[in-house]
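Two complexes come next, and they have one chain in common, chain A, joined by chain B in the first and chain C in the second.
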Partner chain A sequence: MPSFVRTHATEVSLLGVIIAICAVLSVTTANFFSLGNAFDLLNISSVNIIFAVGLLVVLIAGGIDISFAVAASVVQYGTAIALGWIGGGGWVSGLLIAGSIGVLLGAVNAFLIHRFRIISIVATIATFNVYFGLLMFFTKGVSIYNLPDWLTSRVIIYEREMADGSWAEITLPVVVMVVCTLATWFFITRTTTGRQLYAFGDNPEGARRFGINIGAMQFIAFGWLGLMAGIAGLMQAHYAQEVVPNALYGRELDVLAAVVLGGARLGGGKGSVLGCVLGVLLVSITQNGLNLMGVSPFAFKMIVGAIILVAITLSSARIGNLVPVFATRKSTGDRPAERGES
Partner chain B sequence: MLDVKGLSRPGQFEDISLTVRRGETLGITGLLGSGRTELALTLFGMLKPASGSISIEGKPIRFSSNRDAIEAGVAYLSEDRLSLGLIQPQPIADNLVISSLDKVLSGGLLSEERKRSLVGRWIADLGVKIGLQQDAISTLSGGNQQRVAIAKWLATDPKLLILDAPTVGVDVGARAGIFDIVARLAESGLAIILISDEVPEVYFNADRVLHMAQGRIVGSYDPRTSSLDDIEGAVYA
Partner chain C sequence: MNALAARFNAIFGADMAGPLAALAAVLVVFGFASPHFLTGATFGSVAFQLPELGVLTLAMLMPILTGGLNLAITFTANIAGLTLAWTLQANGGIDAGPGAFLLGSVLALAVGAASGLVMGLVIAFTRAHPILVSLSMMIFLRGLGEFLTRGGDISGFPTFIAPIGHGSILGIPVPLLILIACVIASHVLLSRSKLGFSTYMIGSNIESARYSGINTRKILVLVYMLSGVMAAVAGIIMLARFNSVRVGHGESYLLITVLACFLGGINPFGGFGRVLPVFVALIVLQLLSSGLNLLGANQHLTTAVWGILLIVVMVLRWLSAKFLRIVK
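What follows is the complex of A and B.
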């Protein structure tokens, strides 16, 4: 479908880069090209993909959020405590509690941004510090290891024994990730609210004149990210089988870079779920490949950073994604000539 | 259709009374800063009047936001098409349906098919020249962009259409096309308020012309009995 290639240039080129990296890794390492490793990649990437699709919605709405990963840590503690109160709970109550706390923390951001007209990066850097400060203060940095059994026991959805006797497994976070991804895709492409988020992100004052409720847009965008962050937090606790207060600290920038890599524009109005997922996968695959190649983990961040830079600058049009000032809509030189209509 | 009595917003406009009937085009002219855009935004529910009343079809109305106004059948074509009237980087089709998304739903969800057919109908009806519906609106000429902006509001089924400086950035040849559309809409029964600081535009395209200066209506003219020079003399004096 040539029109798909034309309208999804970012996604197609990302897919191309991923295929190229996979091809190289398959040849240069012994273990990369295996079902077990592919499933591991999915298991490891799930939490980040859930974060990413949530952040995508905020970026589309023209905002940015620095606080969501730390908010997810707050969710982990809050959920662990609440589950203690109700005597253990289960997956349903766990997801409900985590999702609710997440939405609440997202709504705090939306409130600050909408009510006090604070730009989102400043508001969320503030809440990032407040959330993390409160967390360290009240937990005194102490981790929680005695989580309920249902939360810490691995849930294997699909498994298959490999020729060498190892098991390739798909675990619960992957399924949750797929559900979150599809829900987000559905939300932003098939609902009127999703369509309005794109309009709002691109042109908030224009959107207001079109009859879009811009206050609601902020709460919906940050609420959605909060929900995803809550779910991702619970999944991370499940995957790690413990709750550590600073486990997710710094994760926000990894996710942000991956989402922007996936074609979302800092400045709003642009981004797709497919691109976002591919962006996270590209980073994960690179890290996984470096690991298998025996590169020091200390070099990971450096190399991943370089790959993101190269990927984004390869196409000069992409500069507009990073710095909205350079985006075509902001420049004055590209207004269409007022041609005569014959 | 629209009946405004004693509408005021201190510092912007004072004691504005006017009526617009179905099928009538009311022209409002005046220099920049005469309060015409603020008046339009108030009729569209985006500014709140300090005093006075607005009635639509005999019913007094208080808008808490422009969503109420749109619901009541008021549409407002913004004065700045490039930055406020359209979302320049986004597709033509998405721009056209953004204020009437409820009309392209199927089973509660957005339907590409319905969108395409709705957009296709309006594009044909207003004679917009486009390549693909998915092209960015910024690829169109000023006149064609303005037609899409008008179509966006017509798609909301308005009873009153307020056009604020609809020909700014539209070249001379294409302006006539825009006013042909305005005339056709009035004929079909729409009430229209046409705001422009170019006196000839309202003189030749409106049934009545109001002159606003410093927030007040200072003159009312009938183009059939007044000469263009009279009005221009008063406005540009």
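What follows is the complex of A and C.
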């Protein structure tokens, strides 16, 4: 256990902060500490967690992706149209179609990055504009409401009636989220390819000389994010019961902030699924708590932004950096993220 | 041919070739495609639309040169605009005098500088990644703005402000004059001042810059403060052009400014790049937008074409680098 604390400092401190926030909220608000609220939190965070574990893989591989959220919107539209062609379909065909389109869009990013040596932030800002521009152009900003029935009807996996008569429910997105999270965890920690992604992200040139196929690494990382974005897109359409072309616009930066809060490093080679999930949950719990405390919804984002800013400042700060007196202390261990590697 | 290339490089700089080629291509293609393209009306509309995006791009430029990024520029512009709007309202709204406008503008610039100051301090002293710091600042400022305005917009300004957004002096639009002033100021600052030199040094290698006696922390803080001030200028221009302030105005410009910088040959890792090619790249983007508009396309298709243009430029750059290696 002590070694776990040492190797997972970010995750442990995040968990500590989450427990502290939960403790405060449980005392100050009536409804926070209840099964119903906990399930609600999971239902609401599912889509973002699926996005986050996908983005985590790309960050570990040393890249960054701005385009995945609008890619998910493209997936939603493409899937809705394709399902119309095949006359309805079902969960299996829906997930297959959404996943395939997602992987394809991710592969476009990987192709640009690997073939033409464009750095990932430039390539994905370009594809962000292309995907979103073309989506809005072809759809004319019109939403789709007549989705197949199986997609819009709520699927309740587990439910339980509470003492006050309300129902606590776990819905399908949560199960999908758990599957995606476990799959990503298994992929990056228990497979050779996953470990190669860490090596590649930490030192691409070293990985290349070691015999790792760096082209394959890019396609696997961006393909995985594409797959997750596709699934998350379908889940979001299921949850919202409609497809709105600009519904996910801007989500990419929120997810990025949460993932990095969870200890992933811009520049590659570092990050864990646990930290990533905790990062998303911290943001959701804060919003949920503010809501229950009766804070104006307009203030949510401000407070969340301030919390992220403080968290990033504290997690990057060395005492020696802030107070020169301590600067003589020899600093060993992991250095703060090198700048400009994204 | 080589001599010609050498002369071109001596006069304009090697990084000017891409943007100028793109400019020529846009002028030729749309000149043939639409008879109305090469007219005064097109250039008039470009001249009025360019400044907001242009000044915001200048705000993005300096942080990128240090190897960072400032994702908070658009919302800094909004908050600065709000500051000016409230100062005007507090002094009588439509009847506010030039004094109130002057005070409001100074306060707006100060607010922009303050946002940059916080980011600069965090980045310089904790070495946190600039993308993260500015990203969280962006989320914070967006929240702050929405909290303060409740998502609504603020309007009702004195009439003498309108010329800043719509007026012309000697046939040249006032916002364009402000942009040109900002371009010249940035250019001189980056190429002639100690601050500019240090900015490039930090972008190339921050550690060696520190060892050669540059106060890297001070420079970083100053760079982000200047970026914030520049964003505030954009906010004032937007206020005058729309005659209102709403949090979220210009939000879609954010990634376009990064695109314009890369199109203008700025090195994404920092350290290399100049202001003038970026200015030309901005004109190309805006001409593309106007040209597509004339051909009946909407803003969204333009966005897609801008993205494709960035990919094409990066691929051409890769090809030319490969070609040069073979020649050598």
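Just so we're on the same page, the second predicted complex is superposed on the first by the 314 of 342 C-alpha atoms of A that agree within 3 Å, B and C clash if a C-alpha of one lies under 4 Å from a C-alpha of the other, contacts with A are read in each partner's own complex, and residues count from 1 in each chain.
Please note the rule applied: contacts are C-beta pairs under 8 Å (C-beta built on N, C-alpha and C of every residue); 3 or more make two chains touch, one makes a residue touch a chain.
The shown structure was predicted, so the numbers you read here are calculated from the model rather than taken from an experiment.
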Contacts of A:V122 with chain B and chain C, given as first, second, both or neither: second
Contact breadth on chain A, by residue count: chain C or chain B: C
Partner chain(s) touched by A:A306 [first = chain B, second = chain C, both, neither]: second
Partner chain(s) touched by A:V103 [first = chain B, second = chain C, both, neither]: neither
First (chain B), second (chain C), both or neither touched by A:L225: neither
Which of chain B and chain C A:N213 touches, first, second, both or neither: first
Contacts of A:F298 with chain B and chain C, given as first, second, both or neither: second
First (chain B), second (chain C), both or neither touched by A:V280: neither
Chain A residues contacted in one complex by chain B, in the other by chain C: 336-337, 339-341
Touch list for chain A against partner chain B, complex: 3, 7, 189-192, 194-196, 198-199, 202-203, 205-213, 269-270, 327-329, 334-341
Residues of chain A touching chain C in the complex: 64, 66, 112, 116-119, 121-123, 125-137, 141, 250, 253-254, 256-257, 260, 266-267, 296, 298-306, 308-309, 312-313, 315-318, 321-322, 336-337, 339-342
Of all residues in chain B, those that touch chain A in their complex: 46, 65-67, 70, 76, 78, 82-90, 94, 98-99, 101-102, 105, 109-110, 129, 134, 138-145, 152, 169-171, 173-174, 177
Partner chain A, residues of chain C touching it in the complex: 67-68, 71, 122, 125-133, 135-144, 146-147, 150-151, 203, 206, 251, 255-256, 258-259, 262, 268-270, 297-298, 300-308, 310-311, 314-315, 318
